[in-house]
Amino acid sequence: MPEQRVVDADELILRTERQRKFITGAQAMAEAVKRANVDVAIAYPITPQSEVMHLVGDIWAQGYIRDYYRAEEEYGAMSAIAGAVRGGARAFSATSGPGLLRGLEAIASWPGHRIPVVLGVLTRVVNAPLSIQPDNVEISYLLNCGMVVLHAENQQDVFDFTLAGFVISEKVDVYIPVAVCTEGFFVTHAKGYVNITPEELKLPPRDPYKAPVPPTDCEIPPARIQRDAPVQKSNFMSYLIHAVWQQEIWSSNKRAMRYINHYLGGPIEVVNPGAEVFIVASGCAAAQGREAVRYANMEGLNVGLVKVKSIRPFPEKQVREVLSNAKAIIVPEHNIVGWLAKEVKACIPNSDAVIGGPRVYGGMTLPVELIMERVYDAFGIKKSKKVVV
Amino acid sequence: MKRYNIRIAGVGGQGVVTSAHILGNAMSAAGKYATLVPFFGSEKRMAPVEAYVRVSDQPIYEVGEVVYPNVIMIYHPQVITHGKSYTMPFYSGLKEGGMVIINTDVDIIPQEDWQILNELNTRVFNIPATKIALDVAGTELATNMAMLGVFFGITRLVGFEHIEQAVRERFLGNTFVASGGTTSLDSAIEKKFKKKMELLEKNMQVIKETFKIAEEKGWVEELALTN
Amino acid sequence: MGLEYVRISPGFERYMPKDYVDLVQYGQFGKEVDIQQLGQFKELVEEHPMCAGCFMAYFIRVFYAALPKPEDTIVIGTAGCARLALSQAAVPFIYGNYGDTNAVASGLKRALKIRFPNKPKDVVVIAGDGGLIDIGFGMTMHSWFRRENFTTIMVDNEVYGNTGGQESGMSPKGVQLKMAPKGKQFEKINAVELAKTAGCVYVAKLSPTNPKRIAKTVRRAVLAAREFGPTFIHAYTSCNIEYSIPTEKVLEDARKREKQDFGFYEWMTDEVKEFFEELERSPQEVKT
């Protein structure tokens, strides 16, 4: 292991010269963790996540992380993460599908407990019949927790979002967890080009005293909220305490936007902003959307893409602005419920223009051709299915 | 350059996934782009296996299995005759103007399937890959190389040196570097290396053979010739 | 530095609440107290909303008085009666989610070890039978298997008191409770043997009839956890409401159970035994 030198977060993320590597999404996540000065990592196996925490384990064995163990199950893992972060450590864990749902009671309480941490979510089917394949319906369960939810399109995003995630989560005016989601297998097990920062540079250590809610370490007085007297009672005082606390969580969530702008170049990416028809997508579906834009351009169709990187906070204003003149809005997704389509519909006045779909689920791939069918429909083009590309 | 979305169907033990890697690495060696989707299923001898490769000279963003291929490579006739495939029929999703390369010396496509393939304006190439592998390399394990050779012979996507680099990487690995000549290696490594070199040599011979066949039979794509 | 945050900044003495000033001046921080002086010093927990005559509240009072280093101790609890008093103490308290105590404690203790390698920070879990042996069973056991350095204290009232009197795994067989309308169908779980099998280095079982003994047990459990590995105390802390024990009979009940199935039991590894023999022989330890 090379001796690592601490550099300023902005320097590391925005300015250091990067090297191009051809690595899997799981490797990209582990490489980010390696550069994040993590104290404690807690693992529990589940396909397709396991790959990530194997690699993080190797990083611990090499000396980059100070403590690591395999937990009893996800509820135990996520609770121990909460313990470690309260104790002032910088922590990391990752999970997938059923593991996320098993840990969700703990995870959903992280924001309210003011636990700044990064959680990798490598999506897989959660509903029956059982399957290990990518399907991202689990992200919808995270949307109401209060945490920041980022959705990575590819290996590069996984690296960038994970590394920046630690910095964003620990900002004093944010101080809530960040979930870095991406599709299992499609990204975790596939290789892509990733520009990564030098191995010998790492983020500054966590300063747990730079916090709206202090750590529980007997070095400074603990937070009053941890003592439950008024909050546990059925009276107006307790309702009020809970209400203002959660209002503050959701305000913190909104405040994360300025750092998403700063470190991730904004919550959305727009390709062909003047288009008549837009594809709005997140995660892997954005990659498919990118290809659909290419297909469409080859056929002379004016199609644009809005890639949504941040699902929480949801970039309502930015999405509304880009889509203000859209004739049709196609929202391809890797789940049956269409959570992204709902988000988009809820924030634009012309919600009739939203075409929810195509949707694939159960782990199926999302062929570009399916998106193209919706594109042809939007332009009123009748096509036989024989598409030559 | 055209984008090729390739689906390779074969049976366990034929080196379907290995050849997909070599195909992708050859593209990479030529400075072009390729993405590979590993197949997640049980890996058993003679059980169906599929691998998917996308190749282009432009960056590729698309992920997932190739559902709508424009190239289908059938490594074993049983994929068609016994339905040993995850995608049935074998041409499912094939795009208009695509190609199918089959390891066979006789026509094994049923009449009703021919009708559909003709409607789709499909080019079908039959090549006795296993026979060639046996004749040239003395092992049917080189079937996948024969299939690769004919694919590159038709498409001319990369040069021979790129294919050789990819095959070398596969058999010798990145770590196995015989720097300073074999004299500096001890005999055990030398023996191992020699064996690997022979393997590499034979595989390249098979690839060259089927590459040549594609040319002799006039299968080379028009687009490839104009480049 | 634990004492640093407890102390009142010079000049602020007259602005701080009287209770707090008393706590700093006449309390336990930075000193050893004699449990037999209980009532003559300012205690870490005084007011709490637990039921009149609750023996769990009494046990918790003695527990706090017995802590070897309260200014560097963190207590972790979960849903249940105990947390009503734990949250009122002048010791940092973490109230997480249902049954998560031993997982939270694992993460917390590891973080504190990393950040303060040369300074003992004691972590103590106090939770009920439901929290530790039912809903949190896996996490309780695994924290022991992993040999985590903290103490687990089960305040066993043999019922889900806080949710209205439902059967728990620790309720005795045959007892009729909510969710056990025909009486409990299986035996009380043998938590002490589980703890020994799972790797605890110090295990004790008691009925809180003798404060001196409670104090000694708590102190030993905390010190052994600091030095060697997981420790466990199984304390009978009756629920006088759900088991209809008249307030004036609570101590009598505790004595009765002590004779029946809660006789004092203490077990420790040879290593821990040696450690205490050495420690309790040294001059500064003589007063206990």
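By written order: A, B and C. Residues from 1 in each chain.
Operating definition for what follows: a residue touches a chain if its C-beta (ideal position, glycine included) is under 8 Å from a C-beta of that chain, and two chains touch if they have at least 3 such contacts.
All figures in this text were calculated on a predicted structure; none of them were measured in a lab.
I want to compare two interfaces, A-C and A-B. Which one has more contacting C-beta pairs?
A-C
On a CA-centroid basis, which chain has its centre farthest from chain C's?
Farthest by centroid: B.
If you average all the Cα positions, which chain's own average lands nearest?
A
Can you compute the centre-to-centre distance for chain B and chain C, using the mean CA position of each chain? Integer Å is fine.
Computed from C-alpha means, the inter-chain centre distance equals 67 Å.
Can you work out the whole-Å distance between the CA centroids of chain A and chain C?
40
Between chain A and chain B, tell me the centre distance in angstrom, where each centre is the average of that chain's C-alpha atoms.
Distance between chain centres: 37 Å.
Which residues belonging to chain C are in contact with no fewer than two other chains?
There are none in chain C.
List, in ascending order, every residue of chain A touching at least 2 other chains.
In chain A, nothing touches at least two other chains.
Under the touch definition given earlier, write down the residues of chain B that touch chain A in their complex.
For this pair, the touching residues of chain B are 3, 5, 35-38, 40, 60-65, 67-68, 70, 95-97, 120.
Under the stated contact criterion, what part of chain A meets chain C in this complex?
Per the touch definition, chain A meets chain C at residues 39-40, 42, 66-67, 69, 71-73, 75-77, 79-89, 91, 105-106, 109, 113, 216-222, 226-229, 232.
Give the list of chain C residues in touch with chain A in this complex.
The contact residues of chain C facing chain A are 1-2, 4-5, 49, 71-74, 76, 83-84, 87-88, 92-98, 100, 103-116, 121, 138-139, 141-142, 146.
Enumerate the contact residues on chain A facing chain B in the complex.
Touching chain B from chain A are residues 132-133, 153-154, 183, 185-187, 189-192, 284, 287-288, 290-291, 364-369, 386-389.
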